[in-house]
Every structure is written in C-alpha cells, then in structure tokens.
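Chains here go by letter, A, B and C, matching the order in which they are written, and residues are numbered from 1 within each.
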C-alpha cells in the first residue's frame, strides 16, 4: 500500500515536468505580452518593449523555462503581472472562495440529487421519475451564466432575499482562520459572519450546482436501477429481509459507490462553471482571476494554475483509488 | 470529470457486448426501443424543427439580419421597439429585426455545433484509435505509448473546458472558426477516450479472438472489425456533444469570444450575451435566444440519452 | 460501510434544508438590520469597475486606483470641484518664471498627514526627490508611468531607453515655500502638478517605503508590500485608508478628523469592485451599494425612472476613428479620408449609444479643453458627398479592415462592438466593404493599433488635465506608427504650440493646431461623452467631475 502511494507520487514529477514544457511552448505562441494589459491606451511601442524586456519576455523560451525551473526549485512560482504580487499569495487569497463555492455546490447537488435519483429509480416511470429526469436534462441545457443572471435578477434585485454580489457584506470583518468564510464564522463564534457568508453563497452555489445535480440524479438513478436488478438484491428480498434493510444495506450502499467517486472528481466541470458564476456574482475566486490572467497574458499565473490542477488531479485520483480499495475489498491496489 | 470518463467507458463496453452476441439483431432491437421511447420522440421532433429552421431560416427571414431601423429605435437610449406587426419579436439594441436574426442564427448555431463536433470527433478518433491500436497491437512499447497518451488525455479532461477553449481562442484570434476549433478541442479527449475504450473492449471480444485464430492479421482486424463496430457509441456521443457545443458556444460569447461578425451572421449565444446588457429595458431580447438555446440543446440531449438507454440493456429494466 | 446508511442521507438533506432556511432568514434579517441602523447610516459603499493596483498612487496609472487614493492623497494643485480649471491644492498659490522652468509653490498652512506628521516644503521636496531617485523596478514605465510622462527619467536611468530626466531639483525655500525646477519648459506643466500620481505622501511614510527592497528579481514587476496593505501609506486627504480586503475586493477608508478643510460627510467610505455593468446595476438596485461608476448608457433611463440619481458629468474625453495610412494605401488619399468622415452618422451614434451629455466631436479635443477651435473644417454627415468623394478618388470599390476591441468598456466608448456595428453599416451605405477585425482589448487590440496594424480602429483618450497637448500631443507631434503619416504642417504646428510658455498664446496656437490637424484629417473625431455615474436615492452625491475626480468627502446621506 505504502509503496503504491510512493510510486504514484513519484510519477507526479515527470508528469508535471512534461506538462510544464508543453505549457511553455504553448504560452510562447500567445500573441502579445502583459505590457499593454498594464498600460491600456497609454501604451506606446517603445514602452511595451521596455516592459517586456524587464520581464525577460524578449528572451528565448528555453531561457525563460530555465528561470522558471530554477525558481520553482527555490519554491517560488513567480509574480503575477496583473497584480504585481507573488502567484502563490494570489492563489492562497483566491482559492478559498472557489473551494467554498464548489463545496457548497456539491453539498447542494448531493443533497438534492441523490434522494431524487434514488426515488426516481424506485418508482421507475412514475411522475417523480419523469420530473426528475426531465428537470435534470433541462438543468444541463441552461447556460450556467444565464441561470446565474436569472437567479440574481429574481432573488436579489426583485425580491431582495440575497445579496447580489461579493462574499461578505462590508462591515462584517470575520477573523480569518481557514479562509472559508462560513467555516471561519463557526470556528470563531462569529455567527453573524457565517450567516452573511452563507447568504452570499447561496445563489452562486445554486447556479453552479445545476450541472452536478443533473449528473448526480442520473448517475444515482442509473446505478440504483442496475443494483435493483442484481441477484443479491432479489435474493435478499426473497429471503424476506425487511425492505428498509435491503434498501440501505444492499441497494444504496452499492449504488452510491460510483456516485461518490464522481462527486470527488467533478473539479474540472466545477471550475468551468465557477469561471462563469464567479464573474456574474463578482465572487472574487480563482475562476475569474484565471480568466483575466488569460486575457492579460499573465503567464506565471497560468503556468502555476495548470500545474496546480494537474497535481490536484493526480492526487484526487490517488485518493479515489485508495478509497475504492477500502470500500470494495475486491479492488486491490498494487 | 470521472462522471465523464465513466460514462464514456460504459458506452464503449456496451457495443462490444452487443456486437459479440449477435450484431445486427441487437441493433435492430435497439432501434425498436428507441422508437418506442418518448424521450427520443420529443428530442427528434425538436431536432427536426431546428434543422428545418436552420435550412430555410435565412431564406424566409423577412429582413436582412444586419438591417438597422434608424430613427425610430432607442428613443431615449432605453426605449425599445417591442413586438409589432412588421417585427414579430421587436427590434434589438441596434434597431435590427430580432425575428430575422433568430432565423438566420439557427443556421449559424447548427453550423457551429456540427463543425466543432466534427473537429472533436475526427481528432479524438485519430488519437483514440492510435492509442487503442498501440495498446492492442504494439506489445510492451505500445502499451507504454498508450498509457502516456491516455494520461495526457485525462489531464485534458480534468482541465476546466472553458479555460481550455479561452486559451485556444487567445492563440488563434477571434473568429467563427476559432469558436468552432475551441469547442472542438474541448471534445477531443472525450472522443479519444471513447474510441480507445471501444477498441480495447472489442480487442478482447470473442469474434476478434475468433478472427485472430483464423489467421487474419491483427491490423486487418482492427480496420475491418473493430473500428466499424465502435461506431454506435460514437454516434451517441456525437449527438450529446452537439448539445454541449451549443451551450459552450454561448458561454464563450459570454466571455467575449463569440462570433465577431454578428451583424451578418448572428448566432444565438452572441445574441443572448448582447441582450443581457439591456435586460432591464428589453428583457424579451434575452428570452428569445435563451429559450432557443435551451430547447435546441435539450433536443439533442434527449435524443442522445434515449439512444444511450436503448443501447444499454441494464437501463431498460 | 456505515456511512451509507439512509440516516446519513437524511441527515444531509436535513442539514442542507436547514442551511437554506437559515440563510433565507438571515438575509432578510440583514436587510431589516441595515435599515434599522439607517437612522445613523455611516457607511457609504461605492462600486468600482476594477480592483486598485496599489495604494500608492505614484505607482499607478489607472482610474480605479486613483479613485480610491484620491480620497486619501492630495497633490500640490487640484481641479476645481466639478470642473477642469486648475486651483490650489496643497499649494495655495503657484507661479513660474518666464521660461517655465522654475515653479514656486506657496503651501497651505496647518495641514497634517494621517500619521501625524506636519506638511511643509521639506515634505514636498522629500516626495519629488523620492520619485526622482527611484531605481530598479520603479523605473519601469509599468510602475512610474506618470512620473516619466511629466518629469522624464530619473537621477540615474538604468534603462537606456528611458526618457531623459527633465526634473532638476526641489528646494524648500522656507517652511511654506517649495521651488521645483525643471530643465526645460513642458506643455505638461503646471497641469502635471495636479496629477494624483504626484500626490504628496508623509515623509515618515516615504522613509518606510524606502526601506523596502525595490524588488530584487530582475524579471518580475513586483509591487512593494507597503502599497498592498493599509497601514504605511499616509497622505493628507479627508479620508485615511484603513483596510484593503483583497479577498472581498474592497478598500475601506475612515474619516480623517484632523483634515485641514471641510471634514468628510460620512464616517466610513468603502470601495468595492464589481467587474460588470449589469453587476453594478443589480447591486445598486438591490440596495447593496450606494453608488457606482461607468453606468451603461442603456441603464441611465431605467435607473432614473426608478428614482436613482444619475448626475451628468461634463465631457473631458474624445473618441475617434483612427486611420493607419501605411496599412491601407488608399487612406493616404485625403478624399478617401474625407469620404469616410462624411459617411459616419455621428449624431446617430451619440443619440443611440452614448450616455446623456454626449456630443458629436469636430476635432481631437473636447470643447471643455482650452485650445478648442470653432473654425475647424467640419465633415458633416452626407452620404451623397461621401460617395462622390470616393468616386473622385477612384476608390469606389474600397475595402477596409476595421478593428474594434471586445470585452472592454472605456469611459469614452461604452460598447465598442455596437459602435462598430453602426459605423460599419454607415460605411457600407457608401459602398465600402468592411471586414471586421475584433480583438481582445489587451494585449491584442492595443498592440495591433499602436503598431499600425489596423486600417481603421476605434480608440480615445480621457484627459489627465486641461491642456490640449495632453490630447493631440500624444498623437500628432511626430511620426507615429499608429497613424502612419508624416505631415510637416501638422508636426510644425504641434511643436510651435508646445514650446510656447505664455498660456494665452499657447491656447491660440492650439486652436491653430487643431485647425491644421482637421484640415489634414488623420482620423475622424467622433464624440465626447461623459461616463455616467449613479447614486442611490438617499444619497446627496458629490459634485461630479469631468475628469472623474469625484471627492467623496462631499457625500452625505439624506
């Protein structure tokens, strides 16, 4: 087991190195540099050239790459050209918002999706099934940014139930512990901050959850259907086991396996959605930051971000494999 | 993401099961099931209407999409001309007939969906079948290549697709082609994984083993048996991808990367994005393209899902 | 596996439901609470369009940063509230010698910095010398753009391409008299002394700034730490900066009780970033903010109807259609340029696309800037004439590439894409074939236009201070790739005006320069339009400024 983990972690190194080379070549193809993003219409050719020179962007790719690797070994991801601050600081500042938003979306998606999918499967063809399946299909088909936009118009502008943007109301200065505003409030006992953060979270989280919910409903439904048809369930039922026991011990437990795996690995699509929802709700997370980084040719931020995603991907996969082997004894890791 | 991969792999497995038993009859049965499915029926109808509009739309549109009514619009920068006899859906923020633009937009949207799906499909198929072929034919080295390729594909799947598309657009500059390529690129890993999976599963199936034992060369088996038989999951996935493409196109234009020549070639995503700026004074301007996008995407999703269910015996219940 | 018991599922559902209910309640409570306290509402929240880059205005060149720092820092000279005339700021009076090289400032007495230091001539000189002696990263034009524009380079230029220093010295003649000397007269003075980038900091703060390493790494522009958090920076303004919460995208300021002038009307001032136009509008409508800038023209009427206040600024910018003559040789023919000028329906653009207060332009400066001439050639909307001019030039089948920026809204052009569509249809009406070339504002669009890569392009300028050279000087003083023309008459007229030290004479020369420029017609000035700004119903808004230099200390609640 330990050897397996170590080996997988070691595999990470060549993967990341290879990825970073590809990235540098790719980024080098992007036209223009960060200079004109900084200066706007004040830019002149000479000044742009000066800034690019100062940033070392006039040098060949391999020199830039060498510098990147050297810095990386020193534990430095470089400096964002948009904000003039270390990339690491920027990530630490912005990741909590996105993590919080994504977690909230996942919680919503599971809380709504699993029961819905389960009951839809139990009463296959019933009105609940039809409603669950069709609404989940429609959920996938609504552009996320439009949904976010509608939610804001209805619930914050017209009804005034929720704030229309941001993470916290001004004046509520929560003490930072984890960076997750909701959790911080709970930990420090500043419940005001928790409520405030939650009320800011709810609309973006609903928008962001629209796709995961749909995925989870259909996933749960499909796997419950599959399990219901398995022999052991029939056996259990014919043995006269109480329905509740069969349902929980046999059906749900087995049906939820694939669902749980998928929930852990929704990162990619969640981040895509986060780019859109964050920019509608000015949520100040990593999604909108990366978007402006692409527009502003903020190379250090882009490289750092992709590396991070790749690393997270490998690590999450590793965790999932481990979790699988714990839950399902038939799966062994070597 | 793994929901994606799981689904993709599942699709791949299914065909193998079918082909290996008694090919043609199962296909026919699947078609029969498909015809009985309400989902498929609704989906097919939506798609039929959409296709009709996409084909005849530009010809029946009452006005040119770029024609501007000057003078009578925008009286106070916020007073829009709503629905009226000569403009069924009213005029947009530049005094153009929304109804005509919707009609012309149908073709653009279809074009965008089809081309980008084709890009994703063809490149993905190439990579996937290469990788799959390496794995089945190439021995140890082949398997190595396969695992490297697949790891890259998996990381591509893990990346937020929108960011991938945005960075493609940044390199290529802004045009309709860029939008198509950007969305196509996002689909590549999906199709690559799908085809590779199908090939691997079939590589182990009985009829391939049988063919092999008859002395038919491996390469021939891949070309004549495995590839054609991997087609049905590809068709299902392509149908679903069309829906994704239409939605992603809308998201891209929201991020400011939509079709630049939106006067002559309006596209629903761009129309929706532009309309959001005027949502306060002319909400209907946003409602038309939004509904069009949702309904069309729904049509493709319904048909795709119905096809998947028809193919998957376990979901039949 | 116990965790899969349905009890858990139920628990999760219940928890989520509770969360939903609780947040529902809490948000309602929030609003009632907010209103309950309103009797003594002491926080004014303003929505900006972008995060500030730093809290040290000397390191900035963007309006979002200046909007924030302007409340906390003051320069030697200021603009009159609501106008563009220069008036005394930290200097009560100012004067120069006849050559325009020695500037004497009589400083205001009894002024205190936020950190308790006293303001005097020594402090002024400490600032100018601090900037002049910048090294390393600070010499990058990304950091010290305005210093370099106004005062040239540094004591020791580290980059051979940096401009030559024009700043010579600053002497504290006595406690309240500072004398700043420059090497040669410049059209940027005295206007430059009013720039927020040259606002005066406390000497104690400057010492703290200098302790920070000027970024050791050669390949990155890192803003110093002191400029990224409240605490060190200290000016003399009516507000002091107390906190910059980057995660929540807000800067908090508090009334400075020892301010020399009228104390601020509201105790707490907060600037929050909301990137999109609809986002800011929704926030105001939802009551989450008390005002915002850069209102979409389309929203002005709806906001007014709903009772919000949308005061109109005076215009101080110019929006133009530029020609790059080297990219398309046909544009080298004056008749072709004139045909395009006659083809553009400026009034329609102004009426349908620009905010209240916008006007069609006749020359490359707005009429609020001194040097505006009534005698320039006007190219009125006349498609028939445009067609005949094209025919005369033998360019009836003219094809042009037309660049426009996407994903951007500048104060002078609220929605470039729409402006482009209208102009395109104008040009098509006279038979020109237009190929659209959209590009991201930065870097693609900026890079392309400045390198002369766009045959037709849309750009503009917002004035920094009231001097025509700040507009036309940046474009027509010499050969510039963006325009791609060499015209002796234009360049000479510009040079003559910029050299003149006497104010009245210079204004006359600017008028002539504008006439020469419009006679040559390097591009088509389209419009001047004020960016709209909106406030909630219960606010007494500050006097709006053509230079977008609102002083939020004037704000009170009704």
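By our rule, contacts are C-beta pairs under 8 Å (C-beta built on N, C-alpha and C of every residue); 3 or more make two chains touch, one makes a residue touch a chain.
Since the structure is predicted, the reported quantities are computational estimates derived from the model, not experimental observations.
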Can you tell me which chain lies farthest from chain B, using the average of the Cα atoms as each chain's centre?
C
Would you say A-C or B-C is joined by more C-beta pairs in contact?
A-C
Could you say which chain's mean Cα position falls nearest to the mean Cα position of the entire protein shown?
A
Can you check how far apart chain A and chain B are, centre to centre, with Cα atoms defining each centre and the answer in Å?
23
Taking each chain's centre as the mean of its CA atoms, chain B sits from chain C at a distance in Å of 43
Whole-Å distance, chain A centre to chain C centre, using C-alpha means?
36
Chain C: which residues touch two or more other chains?
278, 407, 440, 444
Spell out, as numbers or ranges, the residues of chain B touching 2 or more other chains.
170, 173, 255, 276, 279
Counting only residues that touch at least two other chains, what does the list for chain A look like?
31, 149, 153, 279, 295
Note: in the complex, chain B contacts chain A through residues 1-4, 6, 151, 154-155, 157-163, 166-167, 170-171, 173, 243, 247, 250-251, 254-255, 269, 272, 276, 279, 286, 290, 293-295, 297-298, 301-302, 305, 314-315, 317
Footprint of chain A on chain C - complex, ascending
1, 4-6, 9, 12-13, 15-17, 19-20, 22-24, 26-31, 43, 45, 51, 53-54, 61-62, 137, 140-142, 145, 159, 161-162, 217-223, 228, 243, 245-250, 252, 268, 270, 272-276, 278-279, 282-283, 285-288, 407, 410, 440-444, 446-447, 450-451, 459-461, 481
As the complex stands, chain C meets chain B at residues 277-278, 281, 296-302, 345, 348, 351-353, 355-356, 406-407, 415, 417-418, 421-422, 424-425, 436-440, 444
Give the list of chain A residues in touch with chain B in this complex.
15, 19, 26, 29-31, 124, 137-138, 140-146, 149, 153, 215, 219, 222, 225-226, 229, 258, 261-262, 264-269, 271-272, 274-276, 279, 287, 290-291, 294-295, 302, 306, 309-310, 313, 320
Any idea which chain A residues touch chain C in the complex?
31-51, 53-56, 67, 78-79, 81, 83-86, 93-94, 96-97, 107-108, 110-112, 114-115, 149, 152-153, 156-157, 160-171, 173, 179, 195-196, 198-199, 201-202, 244, 247-248, 252-253, 256, 279-282, 284, 288, 295-297, 300, 327
